[in-house]
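This structure is in structure tokens; I'll ask about it shortly.
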């Protein structure tokens, strides 16, 4: 398996946030984690990125244990998190934000190529390259966040709630972008509470409830599961 | 409610902290032969036998007289007082080499008990309390400057005779009720010498600009104005005041220069401020003479080429041909090139002679005798009382000849010492 | 603040009254050992002058009493979430409000001391009003400059304040130091009692609530501004009182004692002792003021190295201060004890 | 109407977070305010309770204009609230969280508190008792002595409610009370909320969990700071267009 | 007229020194969240260090200057690693550590060199004509070096890789970590640059003015004023506010006596702070 979170348990302060969760992401796949607010979805991504430490369990990347590594070393291996709330550098121009995404890369040519790629993907960013990131609209900021993540040349891109606060039209666009990224061979781990968006792009999904996986399977199976519909789709 | 356990532990610790030293204090109190009642004026110094480890066999037989010293060894005033500590120790050594303090046929070896005044009134209070209450001393030298504000009440209350190095003219430091307060150097006389020297070596000077540190200046102001008048000069403009704690003295220098005076007179301050202003004045192209209390080598070292046209007072150097014998001897006891303020040492020197003149170790007796004396030897030559009217005390403040030097182009030229005017 | 609400007794009681009563009784009995130790300490300190009368230790202890109160009053302000770097200035306001009338108008110390305390309280409360807008680091820095301004004003005050040299000739209260000892000791006991009462009553709860979340506090009706002002006024009252008494004891008021340096050391006393516990300031003063005076007196100029070393040791090994560490230890012990109990009960 | 807002508008810099928002809550109702994340639901709460100053518009509580009042004054008038994030005094125990929230009923004056008068002691005893009762009601009695920060998420949420109840509100604003709860917890919570209403507390709930529809008498849907529809749960659920546009098509299927 | 010209020169020079110190302080504050109360002590120690190198070891001034600055920067790395990092940015603990560090440095220099006021010998002795006015050559030199450094810092922060990383960490620490920026390295860099800039300020002050173990205290207050007034996290603001403080402390003493200067300047600063609690140029 490409990336594997094995029986991970995470505590925030002293309270249990993620309890014995196992998640697998195949190479080149799109996997989603859905669940209500506070179910522990973001915590899983933060643990994967190395922002919080595990209480128990392992994280494997191509069979290698990475749960003790610094965030930077995980980024170097290609695990990149586009965090919730975007976490941009608001007082730096768009272009610098993008270049900072490539902090660990040394190949000038490769960086230039990536830059071209993200500008192709998001032409709006090219127009606003000199503008401070904080002055962008919500949708543009989300694009910038994704673009910045792509600048690191990721192998697994983790997206945390990319649809939050976006107009429906833009949400559609985010879905398209995720598919496009995936087409390039980048695996995607998507955390969403917009189940529609998530299940629309993912091949496989996990449903999280209070820190535990309560359901997993193909996107289609989840969509039609009675229990999930009741709890999360307002059925 | 879980708190109780640690509260108990804490309390036990605190009790230990309080009780152990208290017991130690009691023990000490029993050791000393004198009682602690401060009213008992007959209580002399603690005549304990000299330390057995003393290597000097000649002094081993002498009894010891402990004299307290308060100097600020830490914080900002240590720029002045750290040097004083070394010199006062040399003076004590000098006195001991001469056979100590002789009272009623007995010789007492001087042993200094130096306390740190921490450059603050709080620190000086603590130091004075330590000397008076803990060491039960009856004679104290110091502190210098305005720190006497804190110490004088303690000494008065405990009838401890104290000789301040110099003071800030605050009535709380010395007034008609502070009968145990003596002053090693009346600071006004020092400045009278500065003006006299200025007039002597720069006869063309008609007016002087007065620049001073602001805090102590108000007390000195009338006296300084009188001095200027008495010397036959006038003040150029109003006095220029500055704060001690500033980085850049160039604005002050610019202000002084704008008055366009014949000479600049800086009576109160500490070295860094003097140097800063002189440096500023000289870079601004001011050519006139400047007078302030200096240590010649320090000035040359710190100012380099700017050290020119300076009329210095109080510089004590071995190569000064006019130097008084005791001062020369003091200089030769250590590195003769060192920076000597010579104020605390002088106070100790005065005290020694006053005690010998009174032939008693009772501070009250010494005081009574001292009030009748009109001449005492100082490190600078013969001393004389000054400011009897000002302080309302007979012969409590003393003055002495003041060393003078001229510094031009980084070269020091020593001049005959000047006898200052007596302050009324 | 009128009290209009009657207790509504019609509410259904789900918890039997006896259970509540039991809890209270238990608390009381557990407090006894602590109280007796405290009483013992008070007794020892009250009798000490018999042994050390006229000794230097008396001065140190008087100073200790002063600083225990001042450091505690800083902590009282801090429990409302205000890191006030102007406590020295309030002390200074108290001191000068007492010293100036005493020196220039020859008022009796019995008038000037309350005057100093009241002046510090009023100035503190008035200044707290605009500062209640500031929070966290902005508050700390704002008060830092406030202290700086007060000291600068004193320093620029001309002859009235004696400028940076200080104002000498403040009339003494007593001629005998023993009286000062008892005065300082008594004031410390009263002040600490007041502060204890404040902290462990509903007022203290309000202040702590604000410190944790002013928004949540507001949502249950705890006003942020008024409680913060109250905390500052309360703290500056004791700081001002002690400043006033201290300047009469010393005979001088000097800006040096109230400046940034002095304030930072007061804060250090609290941090070393433990900012989160009532007895922290007292322990901190003991650690940084009393211990060096008693055990390292001969170091003189090297003394700062000792205090620096103490600070470093505390910072590295005891993030919560000395009392914090003791508390953690006793907590762990008692928890282990309790856990044993519980597991014994478990089926 | 117990609570009424008229033309409520809030701007943060150039961003309009809430625009011309009107809502009415009648005494004894449970009203749901639903919408996607970032729609401005919590901002509405903060405007009602005075945390943010209102840019324009008015807030009326029980016929009184409370626009521009400080949060603690609003609380005094009888509006309790919970918070979505950081809803607690973390360093207090669960019990202290509740007792410290008894600020308004019964109220002790500074004098009473400081001098520990009979009245203060009586009040405190009453508070201790009531606090236990409230904890019993929300099911936190067993963890009364735990520090609030050590509680699991769901318990923290319930503690937030307990704290709000201690102010004895006439109107209770609940900010996402169900987030982070598992289905069984949700059931108990819904039950608890319903019983609060039965005790005479009017409730306004912000939620994006659709299960809240089971509870509400009326629902207001908000998106991008604007009200897009209002009505009974059934009506709102039936409004296909709105739901699909803002919640995704799957909500309808 | 002449006094005006001199005042302008004083204001500019003082402003440059304040800005250098302020930027150094702000680097440490913005990145590590540490109010480095030992900044003044570092400033003073560097001045003494340079004095020792020149006077005791006989190094030429131009060699001693960079050596001092590099030594201070190296010291910064040590301090970050062994004093600041273990404190985990806890405000109270870092405060204790900073005060301890400051106490040790001040006491040490006071014990061993504090017995008299010293001055670092001038780099270029004498004065230079500036039109009809004369200015100390060292002041001109210091001014030029200062300006070059300021430009260098602006370029470093705006253009260099490290500068961008530092800004990124300042603006969003977690976001920066997610880009693979190692906080510990950037923090180390910030502290060492901060100490280096303090050292530059110290050497300037030691050459132009005088040297006592306590010069740091006065400067620290000014730097705190500067950083707070500029606003936490602000970089550009430091330049404006540095200029303002230079103006206050360079020009006010010309028109006002003694302690009144400090009183007035500090009241002004406090008033500004109360009007704009978050500073004038800070973000948000």
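Which chain is which? They are A, B, C, D and E, in the order written, and residues in each are numbered from 1.
Keep this in mind: a residue touches a chain if its C-beta (ideal position, glycine included) is under 8 Å from a C-beta of that chain, and two chains touch if they have at least 3 such contacts.
Please read these numbers as outputs of a predicted model, since none were measured by experiment.
Q: Go through the assembly and pull out the chains touching chain D as well as chain E.
A: Both chain D and chain E are touched by A, C, going by the contact rule given at the top.
Q: CA centre of chain B versus CA centre of chain C: separation in Å?
A: One centre to the other, that is 38 Å.
Q: State, to the nearest whole Å, the distance from the C-alpha centre of chain A to the C-alpha centre of chain B.
A: From the centre of chain A to the centre of chain B is 74 Å.
Q: I'd like the Å distance between the centres of chain A and chain D, where a centre is the mean of that chain's Cα atoms.
A: 32
Q: At least two other chains touched by the same residue of chain C: list those residues.
A: 155, 163-164, 301, 304
Q: Listing for chain E: what residues touch at least two other chains?
A: Residues 107, 110, 217, 258-259, 262 of chain E each touch two or more of the other chains.
Q: Two or more other chains touching the same residue: where does that happen in chain B?
A: Touching at least two other chains: 74, 78, 214-215, 243.
Q: Could you list each pair of chains that touch one another?
A: Contacting pairs: A-D, A-E, B-C, B-E, C-D, C-E.
Q: Spell out the part of chain D that touches chain A in their complex, as residue ranges.
A: 36-38, 149-154, 156, 176, 178-183, 185, 208-211, 213, 224, 237, 243, 245-251, 253
Q: Taking the complex as given, what residues does chain E use to touch chain B?
A: Of all residues in chain E, those touching chain B are 2-3, 6-7, 10, 14, 107, 110, 114-119, 121-122, 125-127, 134-136, 139, 205, 208-215, 217-219, 222, 249-254, 257-259, 261-262.
Q: Using the touch definition from the top, list the residues of chain E that touch chain C in their complex.
A: 35, 37, 86-87, 90-97, 99-101, 103-104, 106-107, 110-111, 217, 221, 224-225, 228, 232, 258-260, 262-263, 266-267, 269-270, 273-274, 277-278
Q: Write out the stretch or stretches of chain D touching chain C in their complex.
A: Contact set of chain D toward chain C: 49-51, 70-73, 75-76, 80-81, 83, 86-92, 96, 99-101, 103-110, 112-114, 116, 119-120, 122-126, 128-130, 132-133, 136-137, 163-164, 166-167.
Q: What part of chain B is in contact with chain E in the complex they form?
A: Answer in residue numbers: 74-76, 78-79, 82-83, 213-215, 240-243, 245-252, 254-255, 257-258, 270-272, 275-276, 279, 283-285, 295, 298, 301-305, 339.
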